[in-house]
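Note that chain A is present in both complexes that follow, paired respectively with chain B and with chain C.
The block that comes next holds the complex of A and B.
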């Protein structure tokens, strides 16, 4: 695993995948920090973003809006967004609002990295 | 939780957050940005913007945008038709597939561009019958059409944001006007103060031996009041009272005022009319500070009741008049008169000692001595008393210890730390 990056947002890189940890309450302040970190990782060439919600109890409307912004930026960069370790209440919220149409939802970080790895290999150019 | 209940809870939470945001007093741009996030997050809309309509149709300002490109600048000009449509509370729908037809076609000049940026509906923010702005919204992340319920939520939240913008702008205007009023008041106060100073100089011109006396009495009074902890407004008032304390001398014959010898009883009686005459002159004027006429009237009263014009005693004499009295006496003793030279600082301190409690109020003498001591001990930032007394007057080795000793005698509480107190 790579070195943690970012002074406020916990994150690390595994190959071309960035794992970013959401905080306990995803609101404007923490959401914007995560969004900045995601942009930084995408600008640095990441092909997949794993957002780890294991510490997150609550996501409010501001958090939803910022997550949609991250999805938007990732889509424009051709990168995939994977949410891991999301609690049941938040999964229901994401489902209800349609966020799950744009991201892959997995149980834990291990599955997330496997999913990201699969995505990366799909994206590899085929040699003839 | 079933999805309908969950959606309701999510919406109510957002509305509560939005209410708190628009009612707050934080940064305006932050308020708009957060409000936009709350609106977008409530229905999981992927993009949006908040536009403010300025006065006139030709100007709009984008206050916040999300998901439509950081490098994109939204510039809209509303024509009368669009303005009227929005003022009526109606939406514009740029993609009729997403919403049932709500009628109205937005200016095609912008509609195509906005559609290309992912904007689907334009929602007016109408506050008190005025179009405060627009909220531009993109599609739902779920890909579903907007329901009537969704549009109701959008309408309510947009109105909330509009009220927030309206209130903040109103507050800005009020603050701006309050600042203008404060500045005008300051100017008026300066004009008043300058006029009074000029008037004080005119009073002193009548007495060739006491030029500058009224202004110095004003300044000494100001120093004493400040030392007593008076408010800035009160300090300004006592300074003005000092400037005007001798205005009644205008009605006293010049020969009496300028007599080069000690005047006789008759002339003295004539001269003693000046405090009451000053009161009559000052009474009809609407001064911005309290009790200025009374301070002029009673500045020759004494604690022991032997003063004039009314022979008041201690508590009957306003504190302001007691301050002006000491300032007046101090200036009289420290300036040359036609029949004597000015007295030394040692003599003046001795005079204070002899007359404190009979002529002068101990609190006032103590305050003045403390201010003087600070200057003598180099603890004052501005040596105003020293400057008024002129170079060399206070260069007396014993002055500081004499002043300190007097403070200790008349105000024992301050004996140990006289200059540092107050």
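The block that comes next holds the complex of A and C.
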């Protein structure tokens, strides 16, 4: 069975951090695509997930519920989730539904990567 | 007039039909079968009706078609009149009708069919080739008419078509016994049998239509050979056809009706053309518009108490139980049976309850059985049946005649009862429509090969979550791991096996299918599939799946099924743990999407209100395909022109997106449309999002704004839409509508802080 094509989610890795780009409208379908990509990155050994919302204009409640699912999965894998470039209105929605209690929000991808890097180094075992 | 035009006009003539051909809906196949029946060599056609199916207009349309064809077959349509007519008067009426319609056809003069002529006038109208036999027939009639032998007269009248000389063509008698349904005296039973026997002896083709139980028992009593008979079964109209029939009838009667009321009538009258057209006729007579549930139910109750529907059922009851005391007693016992009391009782119990002689009780039960108000096989009587309108009639008669209650109180309570029931009736229809047709699906398995992944939710989720329909379709086409489905030879609702197994639904969502696997019909290959659809918006968890497994396994044990397979369906599939459990029990757990894909692959299923105000924008969008974004774009433009700031515009857009999603997700909408109104006022924007279909249960139990304010998510991480809307908008309230939901949201315009 081949991997479905056409449901492409833009992503790249920086070290052990995966950066995943959300689309302009976060709904059930696009949320599930992000979720799938996140799971793939976690299975591949990523220790932090940065979801970049710079293209995202609108999110709905189903999309937000899927984001919460991603946070759960990441937590169980010991990985961290960071949201970057979230517009003010989306932040307001995340606040209303309690998402911001479970995730770090940063201004841009650069900050996200720094934050992820910091977390990863904290998690590394110390050698003597 | 040119020949071609005359031919065309002649073909279009409406003779007995009460509606034009374009308005005659839902019976095209049956009409064609009737019109093509009188070919050389054909004999009898029995039309067996379900009680609410309706057949008279079908026969009249068939008459018109054969008449206008101008072939060698003269159609004759005769309907046994309702009421207390004797066998002799019915036979004379038949003779008169036969001669009138025969001569109308021979003279190609349809107006004769309705002409008020008596037998003595008719011979004068006969064309030369028909004069002698008609004159001879009428002489025989006059000889026998005033004699003492009624049976001879009846036979003479019904055998009249046999006198038509072969050279003058054939006669096709269509006998409509629908209204003779309750005639349960020995005389009326003898007449029906004699008519059928006489027609069957004739060399001409014929058709007899009536209630299915009545026609079959009459055919048996007449000792007809079923080998020479053709049978056409007429079930209820399809819902869409009944809806169209209602629209046409309302237009004919000039009664204003809206879609919601139309659909309610279709459901409440269980698609019966007779009751639907009767109510619309009453609406015209009383000059009432049927544009709300309240108007419909008020008129309905009027009709039950004293209108045409009242007359219909009262006439039926008077024929079944002629004496007022017996009638009252019958109403009491029939009504109490609808509540469960003596719903299954022996013939002896009924004799004691009604205190009548055995022969009379037999006739009475036979008449009730014919109408399908009871099931009686000669021993046990199962009462409590019949359509909703009959049960409502019984309820009213019981309160008035047995309980002796005040009429005003009964009227008020019946209207309230009907109004409270209306949304439930519609909700039940929407749920029924949204349910997967599990029985059909299983029957179509038919040993076909399908991708294994369609029966395994975990595998399917792993491969196709987030994929588009096209991607999934392409993926399934490329699948090489296939599984052969069993061949199902019998499928029925679980409730048909054991009603006592608790909590199993009594509908299409729980089905038992007996099947064979493998190529041989052997004990080893025999298997029973136990299928159930679980209502859930999220993946079903292990505990729920286990509960369903236990219920179905208990049913299987109770029925003694040797080998079984569980087949559970949930809208969003099953959690990993639940899937493991099902795998462990040798069952299948699949999502609705998988079932839809499976159905498509089995291959055999291929199948707003007021005007806007001047300052109001109206949009109607189809549900799905991210059309909530279209709504968001519309409202953005309107809000921008009304000087709302960017933050408020974003809030309004999100609120409208959520309202649209809610409407699409929860309503099981019949038209799959979202109706939107945007009203701009000096200080606010009022948005109303409406859809037809189910009312969310939490809204149905609450009141307007209060209900909206109290709504909290109760389904984990779903069901947040209303909470968001409430946070983003200034006022949120549900408007009362007959059918579905209408959510009004208001956003006030605030001046920007300086």
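Here is the rule we go by: the second predicted complex is superposed on the first by the 120 of 128 C-alpha atoms of A that agree within 3 Å, B and C clash if a C-alpha of one lies under 4 Å from a C-alpha of the other, contacts with A are read in each partner's own complex, and residues count from 1 in each chain.
In the analysis below, a residue touches a chain if its C-beta (ideal position, glycine included) is under 8 Å from a C-beta of that chain, and two chains touch if they have at least 3 such contacts.
Keep in mind that what you see is a predicted model, and the values were worked out from it rather than measured.
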Chain B versus chain C as contact partner of A:25, first or second or both or neither: second
Touched partner set for A:68, first chain B, second chain C, both or neither: both
Touched partner set for A:35, first chain B, second chain C, both or neither: second
Touching partner for A:93 - first (chain B), second (chain C), both, neither: both
Superposition-derived comparison: chain B or chain C, residues of chain A touched: C
Partner chain in contact with A:60 - chain B first, chain C second, else both or neither: both
Footprint overlap on chain A, comparing chain B with chain C: 60-62, 64-65, 68-69, 92-93, 96-97
Complex interface listing, chain B residues touching chain A: 1, 3, 6-7, 10, 13-14, 17, 34, 36-47, 66-67, 140-144
In the complex, chain A residues that touch chain C: 1-2, 4-7, 25, 27, 29, 32-33, 35-36, 58-62, 64-65, 68-69, 88-89, 92-93, 96-97
Residues of chain C touching chain A in the complex: 453, 463-468, 470-472, 474-475, 478-479, 481, 626, 628-629, 632, 647, 650-651, 653-654, 657-658, 661, 717-718, 720-721, 723-724, 727
Chain A residues touching chain B - in the complex, by the definition given at the top: 28, 60-66, 68-69, 71-72, 92-93, 96-99, 101-102
